[in-house]
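All remarks here apply to the structure that follows.
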Amino acid sequence: MHEKEIIARRIAKELRDGDLVNLGIGLPTLVANYIDPNITVFLQSENGLIGLGPSPEEGHEDPNLTNAGGQYVTLNPYGMYFDSATSFGIIRGGHVDITVLGALEVDAEGSLASWIIPKKLVPGMGGAMDLVVGAKKVIVATTHTNKGKAKIKNQCQLPLTAYKEVDLIVTELAVIAVKENGLQLLEKHPDTTIEEIIALTEAPLHYDTVKDMEV
Amino acid sequence: MHEKEIIARRIAKELRDGDLVNLGIGLPTLVANYIDPNITVFLQSENGLIGLGPSPEEGHEDPNLTNAGGQYVTLNPYGMYFDSATSFGIIRGGHVDITVLGALEVDAEGSLASWIIPKKLVPGMGGAMDLVVGAKKVIVATTHTNKGKAKIKNQCQLPLTAYKEVDLIVTELAVIAVKENGLQLLEKHPDTTIEEIIALTEAPLHYDTVKDMEV
Amino acid sequence: MDKTLEKKQFQALLKDGLSIMVGGFMTCGTPETLIDWVVESGVKDLTIICNDAGFPEQGVGKLIKNHQVNTLIASHIGLNPFAGAQMSSGELNVILIPQGTLAEQIRAHGAGLGGILTPTGRKTIVEEGKQLMAVNGVEYLLEPALGADLALIEIAKCDPLGNAVYAKTARNFNPVMATACETVVALTHKMVPAIDPEVIVTPHVFIDYIVKEHDHA
Amino acid sequence: MDKTLEKKQFQALLKDGLSIMVGGFMTCGTPETLIDWVVESGVKDLTIICNDAGFPEQGVGKLIKNHQVNTLIASHIGLNPFAGAQMSSGELNVILIPQGTLAEQIRAHGAGLGGILTPTGRKTIVEEGKQLMAVNGVEYLLEPALGADLALIEIAKCDPLGNAVYAKTARNFNPVMATACETVVALTHKMVPAIDPEVIVTPHVFIDYIVKEHDHA
């Protein structure tokens, strides 16, 4: 199984019936493919809708119906449209249960860097800063390392998206919760070891019982 | 002609084609009866509509369609409904061209007292404070005196609705503009004299050419 | 996901000391059936946030007359003599707020803002005790966000999930209040299978419970 | 009250140095015809306020590629390499703002507020140079209201006065921008005799001029 699929499948298990969820661009978007068909999850897209549906069939794209990544999408039954101020009122106001987004770095305090590499990549923060501050639960979806370098740091070196807002980090190797006293390793991939995960993580990891990730 | 009719007729002449206008409860509401039929004025009601129409015929009252005074009203063509936050966004944001409202006192600086007589009458300010601060032009519609006592003061004694926001004062005797250097008598009722108006006004009145009010 | 409530279930949400936002403007758009159920429940020491004090026999006025309200936050109280009398006697704490400020404070809470800067009330008694902030040389009052435990709103119709639309000027404070409270109960006049996604005013995610008016009318 | 504009009349509204808000989200909901007319006009030193920098051949990206923009206020610029290149070379001043803050600052201007207090951007570089305010023990950034000279918005349809509705997610920033600018020009895809008063999103009082898309498509 591809590492992105492992991450997306595991995160999908965090979603509960009735949750309002915002999935970031890229890897987080894949989570939608693995939601338990027995529950109803409402996907929000910050450009202005709740009830994000599957991609349209070819030839049925509507230029006025896109997601926050600019891709053509559809609207599910009971969905609706709204303007950007309303959309971020929903986000900032704590009405989104879970936001899932990627990371350049995430750290032991739950701070996240995801929007800028000064002088190299300056795309802008888009809606990420509002989402991370506003959502009830923030899940970071990221590969455990980038070209062998740890992405889970003692402290983020890149400019922050938000300070101390991340609740859960899900990688292809581990599920890690952000606690008051630091990071807690909750689950590991069956094919790896706690030692290997610790070796690939810059931030210290606490753990007691570590379960195998269900993917 | 009744003094209220004089005031309402004169204020109606201040309205221009296309203006968005908010008429306060009571005397200001009468202005609607005298709008030039050759112009289109849009009436806003702060409880949530633009396009206030005439009173409904008896038996055709809709309990869900009232004005800011709680009276049954109708909606004109091209009218629309909105919520209270939107309504006061329109008001505070300077999108209302003219607001007309009553006064307990108004003064030489254009400050207005209209919402409270401490320990005697404490109804509350409703939307008046927002209207007076937000509208492009604030017209006070008031009888010149109250039981012989001047209502146009050197300085308001009652708690203010707003500080230095009034542009024009229209009474049954006079039309008075609020200028940087004080009050300017612009027009007088044909049946009165400048001297009489000055005698009934506490605040000093400047004037040069004083026209007769057209009513 | 059945959000509908019967009277007993609704009353189980109530307790002494709750802060409750109630939609409506001079009772146009006020969910009278829900108010009646609060009156019947007898809960006390309520903080009521509403545009006005209603009338003695209508809207939140019924709660005031029945001595269930400790604090009233409103923009005017002139149509309910019981509110004025209880304020004078010290029984009722009345906090008067300019109507636009009240709407915006409620919206701010719902939208996760700490507050807003408004010019309304500058150099009036509304300014007393408030922080002033200058932006580009203009002074504003800092008005903090305002939330509550429970919102009681009236809607014209909704779909089974609670996507809601309103009727004419009965809309008023209802949509902002629906965003600003821990628990939101909507009294609906009609339940329909679906509502056009372009015209929904309050998304279902804001509505926790639905009471059907026609069941009780 | 005829609000319709032809190209020449529209171009007469333009001049160097204007601040212009442009609706759209990655160009979904951007009035491309109006952008083309601004490109053709050749006006320079513009301040553009838009969710993003568009694409090189779409949306406000066309103005950037044509070197008409001095300052861009946006939440991201990642899809238009010309924006990044001009920023690096110092030609283009780029001010990046969190998307929700941008929407709220624009709404604040339209609603006559001096600004809003938001938790977004706390303890990030967004905080730099901003005033912090504590409300009930929580720290917020004071973000001032943001207006502009001209708004260019896209609407799905309107009535002859300009009462407007939008199409699906093409709504995005268009309604708030319509409230926040001295002059508002709406590109409409359709003119209809009337729109249901319950579903109008932007009241006609916000729309100064209307350009009919089908006349030029």
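The letters A, B, C and D name the chains in turn, as written, and every chain counts its residues from 1.
We take it that contacts are C-beta pairs under 8 Å (C-beta built on N, C-alpha and C of every residue); 3 or more make two chains touch, one makes a residue touch a chain.
Keep in mind that what you see is a predicted model, and the values were worked out from it rather than measured.
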Any chain that touches chain C and chain A: D
Most distant chain from chain A, judged by the mean position of its C-alpha atoms: B
Whole-Å gap between the CA centroids of chain A and chain B: 55
Rounded Å distance, chain C centre to chain D centre (Cα mean): 33
Chain A-chain D separation of Cα centroids, rounded to whole Å: 29
Chain B: positions in contact with at least two other chains: 49, 75, 81-82, 85, 88, 91-92, 133-134
Sequence positions of chain D contacting 2 or more other chains: 104, 107, 111-113, 118-119, 166, 168, 197-198
Topology of the chain contact graph, where touching chains are joined (line, ring, star, complete, other): other
Complete list of chain pairs which touch one another: A-C, A-D, B-C, B-D, C-D
Complex contacts: residues of chain D adjacent to chain C: 104, 108, 111-119, 131, 133, 135-136, 138, 140, 142, 144-145, 165-166, 168, 196-199
Residues of chain C touching chain B in the complex: 25-29, 51-52, 74-79, 84, 87, 94, 96, 98-104, 106-107, 118-126, 156, 166-176, 201
Complex contacts: residues of chain D adjacent to chain B: 1, 107, 109-113, 159-161, 163, 179, 194-195, 197-198, 200, 203-206
Footprint of chain C on chain B - complex, ascending: 45-49, 62-68, 70, 75, 81-85, 87-88, 91-92, 111, 122-130, 133-134, 159-164
Touching residues (chain side chain B, partner chain D) in the complex: 17-18, 20, 40, 42, 49-51, 75, 77-82, 85, 88-95, 133-134
